Amino acid sequence: MPREAEISLNEREFIKQALQEQIRLDNRAFDAFRKLELTFGEEYGVADVQLGKTRVIARISIDVTTPLPERKFDGVFQIFTEFSPMASPAFEVGRPTDAEVILSRILEKAIRRSNALDTESLCIIAGLKCFALRADVHIIDHDGGLIDASCIAVMAALQHFRRPDVLVEGERATILSVREREPIPLSILHQPLCVTFSYFAEGEIFLVDANLAEEQVRNAEVIVTMNRHGEVCQIAKYGGVTVNPLAMLQCTNVALQKVKEMSKFIQQKLDEDAKRRDAGGLMAELSAENAR
Amino acid sequence: MPLDTSTYSLALLRLDGRRWNELRRIHAQISTQAAADGSSYLEMGNTKILVSVTGPAEGRQSGQRGGSGGQAKVEVEINFAGFSGMERRRRGGGDKRSKEMEHCVKSAFEGVLLLHLFPHSTITLNIHIISQDGSLLAACINASTLALIDAGIPMTDYLVACTAASSASSTAADNASADDPLLDLNTLEEQELPFLTVGTLGDSDQVAVCVMETRVRMERLEGMLAVGIEGCKRMRGILDGVVKGYGKRFG
Amino acid sequence: MPVSILPPTAPLPPRRDATSDDSDVDMSDDELTPQTKSIVTPGEHITSDPQWMRGHGTYVPSGETTIISTVAGHMHKTNKLLSVQPLRARYQPEIGDLVVGRIVSVQAKKWSVDIAAPMLANLPLSSINLPGGILRRRTAVDELNIRTFFSEGDLLVAEVQSLHQDNTASLHTRSLKYGKLRNGLFASLSGAGGGILSRRGGVVRSRRQVFTLNTAAGEIDVVLGVNGYIFISKHIKPAQSATDISITRLEEGVSETLYSSQNDEIEPAVMREITRVSTLIKGLVACGMRVDEDMIVRVYDGAVELEAEERSMGGANGVDKGIGAKGVVETVLGRLEVEAGG
């Protein structure tokens, strides 16, 4: 199995020392994200996120199935992650590493368990038919911050996605094609976004959005997922060096600020995309959505 | 089925009759397995866990000799007994949730054990969950600590963990009356309330593990952490008593 | 439903199976017995006095002078050195230890031997007595025939010759006392680890570890490895003429049987005594007793006496009813104590 190239001892020391002098390798501030790029595909529900050199693509697809017997009124929503060998030779298809398991668990907890998506709205006929939504996350390039980037990609793709409208007459449901009726957006209840904090120097220094080199050197990580309303959706600190609890609370404040910025950025990109699609200004008339 | 926990605000007693800051009954034994280098059995209420430690020993796979960088490697395996939960069900080892727990226990102990004393060797923790009733991760960590002490593997301090919840739901934003954080949850409370698992190093306030899976207002976090850390300190006292009691018998 | 709602109970204090009286602590002459009864546990501050030096089982956090324990065990003070000996731990090899081991794998020029330590020990081909009578260098032929000396699963008794950087032991068997073990029974104290050394019980270093026990059925050899591995076998008398001939001739005579894996014929009576000794040793460990020559001889004699008495009484109670190794040893020790007192 090819192993991930470990960072050399010398570099390790260099990074640590530089951090003690308040310098990061790419000259960012300690609480600064790398340059975030977000582009949407031609189709609805494709989001391509670039965070520095890290690149993640998320794609939403939809299908119709029978709902689970214990959840008759809910649609199905699943997130699949795949680490492609093109991102790093250490990734292997079909054999999930610890990092992959953690990524998919964090996304699961951050987005699915926090009810970011209203799965009840995916139900067509209770107990018989529902939409099955599937989010595929592909890691295209790996330079650290995978969790943050994946979470942005999934949330952006969900907000960008439009599902076909459906006409229900008693027990009969007809899925209306895109040509018949304008597809409608998903109902998103809140927008959780992840911010990963990396700790150095026995928990004294913490960074936001570490790159791969910094990730290899760090002593501990704390992944905080929040929405812009100030709700914490998930916190994960799996061991590592110990951290002062007050510093952890401080993290949530920083995370909130970052999440607000990112939400704004995503919204701005969504608006731009909508404007581009809405060339003739007819969208408002075509929409079948009720103003809620 | 959402349970009605609203009665809590009336008598300030929880479903099982505890007050907000009470732990469940804890019973622990060490040296329970003759074949292991170290072992322990821990009950936190109805959560029952058996841990056995093998090692430090030569790694199982030949060729790859244990850990790298002059350190021992820690391996964790978590087994759920088929009868441990509500429904009788076999859980495969590839389950993502147990993998996450394995990863958590592994990286938590890598930070506590003095692994540089055993270069090239492997320390294997086998955790068997016999009965689950909340605070599972916390119980796994506590039981593993005991088993590692029994195996005589040096560590900087006890790694202890505890759960804490916020009794007000995330929607009722500003109702300060019944807003006590709760300590040491059982399954019913875990399903109902936002909670976190916090693990600290011994008597210090330093947080080694912190896992929260439910949505909660950020203002509530402080109270939950504080109560959790307080619970950890009490837990350390109890575990220390178990080890000392054992030392008295075999010392 | 496995989850039931408990009645309100105050959190019970930790169950300490308190010892009513230390009745089994009759071996107070044991040099391992510490001065203090209570133990220290991980994270316990031992002292912040800078005059003490830290030893095994302790650490000093960076930038501080406080010595903190890292294991649960007894504290020892050697001059100004503070160390904590864990109640139980894996065997840590030391140079000169007599160990019993088991061959795990055979490599080109060495064997890997399981001696219950964190790492497998090495036994280089150059550190064994090669057959042929004289002390000689190993040759390419020996390398090819490496499996004829020891192969996987063989038991041997050896001495720790040196330790490597990562605490891997190198063994040697360059003495007639050491070599392959056969004609007997292997016993491991405390499961895989044999890690009972530092507890009150266990094999004691610096006592005689290889001795011969006289039994009614014949003589039995007992090898007590410091690593907690024990081998009990039928005593093989050296050849009659051994006294007359020179050392080199002696080795020549022995070398034919040196690496034999074939057991000699063992009489049923001897087998019985071998299993009895093995059971008694396990019982001693279960009772938390020290295992050494003196103890084994005493307990063995006591057990034989006990059996004889019971047989004369018609086998009413005791050994045959299966009270277990621990029970037998407890009974015997109880009787010995009475004798000593009376």
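The chains carry the letters A, B and C, assigned in the order they are written, with residues numbered from 1 in each.
To be clear about the criterion, contacts are C-beta pairs under 8 Å (C-beta built on N, C-alpha and C of every residue); 3 or more make two chains touch, one makes a residue touch a chain.
Just so we're on the same page, UniProt names per chain: A = Exosome complex component RRP45; B = Ribosomal RNA-processing protein 41.
Since this is a predicted model, take the numbers as computed values, not measurements.
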item: Set of chains whose contacts include both subunit C and subunit B; value: none
item: Most centrally placed chain, judged by C-alpha centres; value: B
item: Computed distance of Cα centres, subunit C from subunit B, in Å; value: 35
item: Separation of mean Cα positions, subunit C and subunit A [Å, integer]; value: 57
item: Subunit A and subunit B, separation of their C-alpha mean positions in angstrom; value: 29
item: Sites on subunit B at which at least two other chains make contact; value: 201
item: List of subunit A residues in touch with subunit B within their complex; value: 98, 101-102, 104-105, 108-109, 113-115, 203, 220, 222, 226, 230-245, 248-249, 252-253, 256
item: Touch list for subunit B against partner subunit A, complex; value: 96-97, 99-100, 103-111, 170, 196, 200-201, 204-219, 221-222, 225-226, 229
item: For the subunit C and subunit B complex, residues of the former touching the latter; value: 1-19, 34, 37-39, 41-43, 57, 59, 61, 68, 70-74, 86-90, 105, 118-120, 165-168, 190-193, 195, 198-200, 288
item: Subunit C partner contacts - residues on subunit B that touch it in the complex; value: 13, 15-18, 22-28, 31, 33-38, 45-46, 54-58, 62, 70, 72, 83-86, 114, 118-121, 131, 133, 149-158, 186-188, 201-203, 236, 238-251
